[in-house]
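Chains: A, B, C and D, in written order; residue numbering restarts at 1 for each.
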Amino acid sequence: MTRFLTREAAIRWAPLLVLIALVILFTAINPDFFAQRNFARIAIAAAPALMVAIGVTFIIVMGSIDLSMEGAVSLTAVLFCFAFLWLGGTLAAGGWLAIPLALIVGGLIGLINGLVHVKLRIPSFMASLAMGFVGTGAAVLITGGDIVRIEDDTFRALLTWRIAGFPLMVYVVVILAFLAWFIQNHTTLGRNFYAVGGGEELAHASGLNVRRVRITGFVLAGVFYAIAGMLQVAKLGQAESVTGANFMFISITSVVVGGVALWGGIGGVWNTVVGVLIVNVINNGMVVIGLPDYVQDGMLGLLVILAVVLSTDRRNISFVK
Amino acid sequence: MSTFIKDFVEREKINRRNFLFASAAGLTATAVPGILGRGAAFADAGGWSLAWSYRDRASAYWNAIVSGGEAYVESLGLTKEDMTNLINEGSSEKSLADIKAFLAKNAGKGAIASDPNDSPNARPVVEAVRDAGGYVSTIWNKTDDLHPWDIGDNYVAHLSWSGEKPSEDAARLLFEKMGGEGGVVHLGGIPANIPAVERLNGLKNALKDFPNIELLDEQSADWDTNKAAELMSSYLTRYGDKIKGVHCANDNMAYGVIEALKAEGITGMPITAFDGNPEAVDLVMKGELLATVFTNPHWGGGIALALAHQAAIGAFKPSEEPNEHREFYGPSILVTQADAEEFKKTYLDATPTYDWTDRWGLSAGGIVYK
Amino acid sequence: MDIQRLKPHFPWITLLVLVIFVGLNDPNFLKPANLLSLAGDIVPLFIMALGLTFAIYIGGIDLSAQSMANMITVVASVYLASLGIWVALLCVAIGFALGMLSGFITTRLFVPSFISTLAVGGLCFSMAQWLSGNRALNMDAAERDALFGWMIGRTGIIPNELFLAVALLAICLFIERRTTLGRALKAVGAGELAAAASGVNVARFKMLAFAISGALAAVAGLLFAVKLSGGAPTIANGFLLPAIVAVLVGGTPLTGGVGGVLNTAIGTLIVAVIRASMLYFGVEATQQQMVFGLVLIAAIALTMDRSKLRTVK
Amino acid sequence: MYELKAVDKKFPGVHALKAVDFQVKRGEIVGLVGENGAGKSTLMKVIYGAYQPDGGTITIDGKTVRFQNPRQAMEKGIGMVFQEQSLISNLTVMENIFLGYEAQFVRLGVINWKAMAEAARKQLAKVKLDIDPATVTASLSFAQRQLVELAKVLTLEERVDGDLVILLDEPTSVLAEDEVKMLFRIVRDLTARASFIFVSHRMDEVMELSDRIYVMKDGAVVDVVNRGGATVEQIQHKMVGRNVDREYYREQRQKPYDDSRQLVKLEDVGLPGRISDISLTLHPGEVLCLVGTEGSGREAILRTIYGMRTPVTGHVTMKGARIERFTPQAAVAKGVGYVPRERKVEGIVAGMNVYENMTLSQMGHFSNAGVLRVGEERKLARDWIGKLSIKAHSEYADCGNLSGGNQQKVVLAKWRSGGSDIMLLDHPTRGLDIGAKEDVYEMIRDMCDDGVGVILVADTLEEAIGLSHTIIVLKDGRIQKRFDCEPGKKPSLYDLLHAMI
């Protein structure tokens, strides 16, 4: 029995152990890696990515998938910038109103996504993929392909103002990650995600409004994408129709690397945090140890497989797809 | 910025019906613009349909290219809607398929300007145009063994911008600013893209004359702002204070580099970029960017289409032109803080009007192969 | 009841309606030569989608297909001179082997195919960059024409690619309908546990599905390299999502066991027609992507037979 | 107090319920029996709100009600304990109990876990289950899960003002004998709180527990029997429309097996944590029955023989050859056939048609170099559809749409047509109606006549006794006792139970 427990614990902590192992590995090769300043750099890179990954975590826990993040992030970032500038261009002068607005837009994108998926009975993979095209397309339509810049120093303080060596946005993200964890563990909605992911038909038979839970999940994910969009603006000082590009595969990879099962019901926000850190540590570390850039994609692939293999409980699954 | 919104509102007004339909019902959406749109009136184009095939509408660079094409179309007395946009989304396969579909639709009577996206794609594109009887000029990407004069009159011209020389000039400026010593890092475009390769070569050329400058690292950030920001942070960890200057293969990546440095509180690091986009020029004026290279995409976009169309209507016969008129470099202007304001006034605030029949007026000479 | 019986026919009805729709707007579109050339141009994408169908048919996905094709264009360009016609064999063998690797990681190491194929794709991309030295490569045109010219020519008004596509489709259809492999894949897609309990070597067949997907991605890459007479590590970019879309629009959902290669053929043609319709209806440049997304939702909603899906995830 | 009057339900082509009258009084346990397809499940779905009747009325305490969905029914005090395990295994016990009704523990959107645990403990006490409500459900035994499900339904008691009606759909199918006894005790105790509708194929259990029994046939209630008002045989007669006599298990067809040859021999086979020191021998023509509680190792033995598990100790010999590589493929090649318990998950592939299912295990026989001879496959399927009178419109029928009995026949035909002579049957009659059960028994005897050896895990002890030549009783993964069961000298239920516990 004790052996069983330690094995379970090992699997549970595997992602974290992988993360620590990677940090030790990179530090051993280049001690510069292990520096507070570098950790701050990794944290900045990971901040928007974490918000996207947390958003999609809720969906994956439900056993669905959401591929609309690129479009959603781009569209919310662009709309946020327009609204921010239109409202005065500074946080003080009413620009802050753009924040709730962007959140609402994110939620709306999620809502449409959820409605298309649930009401038209289109599997989420396809519904969200198509919605992603629509989101990016809308961003192109609105910007006409141009860059929208935000110069407001107060808003940019998210990046430039440091507390204990870490920029403000890192703290914001930590707080939001806790919020997400709280939603996951201490609210009905969060627990219902697990019920749907654990057995949709059973949850339905228990009187759970599965359709509503699904749609709400997509709305919540959309809100987190909007947060990611705004952080991306804070980080780069600009938005354009490709602001959300490259988030799709990397966020889902992070979620799975952290130990969230793609078939639903297993893992959560905590796993995703670790997963995002693993992926960003790898990305940063490969440059820091001086790996030639043409091997980086292959190396990332190998490390990801290694991490997933270590954190999968092979005894409890009969097959994967 | 508000001009974008204004443009958008205006655009939306024109297309409101399309837009509403598009949002409401997917399938019908495609039908509406065609059915409600104007009938094709190509009388002024001499019976030829005009098209620009390019990557996407998500960057200032391509927007400027397109605006040049549209300016040419408008100079014919047509509206800019008369130029067809063939967007390949970075896919060579779609690029080729779209061009063939365009030719088929117009029974071969198409005058096309195209960036083939990847250099090997240039050959099938020009061959397809030739076989259909259309006229094409290409920009940027083509393989070295492909020449317009080997294909015939239908492949009117290839226009490129020598990345090497301007990039070298920018690098020299950078090294001088660095005081002739210290480390420099380069952020490159998508590997194997010709401009990416050329711009790196320019940097390497300049290095030969600056023995105390060390190229610390050169990696790809895929032309992307976000990737550049992350790559720059990683450079900072690896090389730290050794980095005294940054050489970027385009403006978008320079934005990312500036933000990555801003996050660290590093100011005054000399950075050079490429493309001369409006935002970059603003940054040059503010001193955040040491220099960028303007390639006048507006003119390039206009003249590439103009060449194809004028050859099509017989305004000139390509085969009678010398080779340096069939393969030539576009202009490159190094924009520094000293001349940025002047530059902005001339090229960005007011778009200069070009005489599109002065076909090689701004040419920087024939393309030379090494 | 009638709707139920019509459902399996929705994909091609959708295709037909789309074609007629575009044709009404511009009768030129309906010329046989035009339609054939449209079909011919989509062939590389179709071949990749054909391979993906096998991965999706068993309920997985193959995200390595695009990087595979990229790498193969480089391999083909590099080795055409030294290997001659045998380079084709090399390409297919590499695709098959790397697909097998994805399958192995998925079935033996229990890494979901979404991740395993993405990772193998990363490997392919690295190899392509290394092999090409990060440059665009070109093939010797004479040698290409001599050895592979038959692939890209034209017989009458029919593009030769179409013959290749039809031949591959026929082979795949035969595999799907008439071989133990096809039957086993159907069983794995529809009920993996039952297939295992019937003594079917599920792991082997799943690996084969990914291997076929890899091999066909390689064929797509080879054809593309021949067509373009060269290769580069990013030249096939932009293939993956349209290929996945083609499979899905054809009516093979990601849940497995439903649909098939014939559906993919129709799905690819639907994608081709939607693309062409942008041109024929003159959809504005900045609207194209959005319209594509919306049409996609409509098309999937129309073509997918959801009656066999118990839960929609 | 709960009453259905002349309830009608029609589906395209089927008149599923024909003017059914049904009544449940306060504190009563009502049995509901009938063959598969008699309309039981439709009736249950009408009762708990999954279906809306086309005609007739439903009244509770005289008031007419109409349910749009199960939730509305629950709000009127009608709860359902499902046949399939309906707890979500990755959630905790308390979350499962209050799934869909968390609101009572939520303040400002935040769940008060302590309060929920407290309330869950109260519910668990009703079913006398003493476990931590924060336990993850996956770690419970089947019996415990069944009780948790019951506890979950009993939360209605606090939520609903009126009386409770609880449907129990085959609650005993996964339980062992003693667990069934315990469940019945609890149900009887609970009649103070609720009325029950008890649905089961196990006639003896229905007779034991119910106050009244509704017998359904062809969508209509054919009789209502009071406790002690009829014998098992009489009720079965009403259900089937003919006599079910003591020849039920085809004992007259049981012939001595051929002990000169050995089909399968297990020697000291062990799988850590599951079975240890298992030795047994199977002969041609023999029905060897494994008897034991859930988790006693019956399934592990079947799966070891079938090659799905590799034993850590001991060895397995089949037809004289020692097995070295344990894979289902190798076992199938040796002539082993496996009829798994989870028919819908492991037995048939829904979405594939009859012939595809039948040849799935033997595609090698119907192919040349990987190319299938579909014509032969179809002929085979047609033959067996005729031979076993499988009710399918043709060999193209989707197996997912066949009834349970016909699905099972397809599974059996799959192995028999492939010439399997070592058959492993795990609950082959589970969920089948009497007619279909008899067909299966008949097939088992046929197989024995053909020299097939059968290892059976039976649905009930009676079935085990009735069918087998040999019974091996297992407990905690070890063999407790071996009985020879020649006709006339069969062990009694008591003998077996004594060895099991």
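To be clear about the criterion, a contact is a pair of C-beta atoms (placed from the backbone, for glycine too) under 8 Å apart; a residue touches a chain by one contact, two chains touch by 3 or more.
The model shown is predicted, which means the values in this text are computed figures rather than measured ones.
Participant: Most remote chain relative to subunit D, going by C-alpha centroids?
Facilitator: B
Participant: Pick the pair with more C-beta contacts: A-B or A-D?
Facilitator: A-B
Participant: What is the distance in Å between the mean C-alpha positions of subunit B and subunit C?
Facilitator: The answer is 31 Å.
Participant: Taking each chain's centre as the mean position of its Cα atoms, how many Å separate subunit A from subunit D?
Facilitator: Computed value for the inter-centroid distance: 44 Å.
Participant: Any idea how many Å lie between the Cα centroids of subunit A and subunit C?
Facilitator: 29
Participant: Of all residues in subunit C, which are in touch with two or more distinct other chains?
Facilitator: Subunit C, residues with two or more chain partners: 129, 134, 193, 196, 286-291, 294, 296-297.
Participant: Going through subunit A residue by residue, note those that touch at least 2 other chains and give them in order.
Facilitator: Only 140-141, 144-145, 293-294 qualify.
Participant: Once you draw an edge for every pair of touching chains, what topology comes out, line, ring, star, complete or other?
Facilitator: Its topology fits none of the listed shapes; call it other.
Participant: Going by the touch rule stated at the top, which chains touch which?
Facilitator: Chain pairs that touch: A-B, A-C, A-D, B-C, C-D.
Participant: Residue numbers of subunit C touching subunit B in their complex, please.
Facilitator: Touching subunit B: residues 18, 21-22, 25-26, 28-29, 31, 33-34, 37-38, 41-42, 44-45, 73, 129, 132, 134-138, 141, 224-225, 227-239, 242, 272, 274-291, 294-299 of subunit C.
Participant: State the interface residues of subunit A toward subunit D in the complex, per the touch definition above.
Facilitator: Touch list, subunit A to subunit D: 182, 186-189, 191, 194-195, 197-199, 202-203, 205-209, 265-266.
Participant: Once bound in the complex, which stretches of subunit D touch subunit C?
Facilitator: 12, 308, 327-329, 331-332, 338, 340, 342, 345-352, 356, 359-361, 363-364, 367, 370-372, 374, 414
Participant: Report the residues of subunit C in contact with subunit D in the complex, numbered from low to high.
Facilitator: Residues of subunit C touching subunit D: 1, 178-181, 183-184, 186-187, 190-191, 193-201, 257-258, 308.
Participant: Applying the document's contact rule, which stretches of subunit B touch subunit C when the two form their complex?
Facilitator: It comes out as residues 11, 15, 18-19, 22-23, 25-27, 29-35, 37, 57, 66, 81, 84-94, 96-98, 100-102, 104-105, 107, 118-121, 123-124, 143, 145, 190-194, 197.
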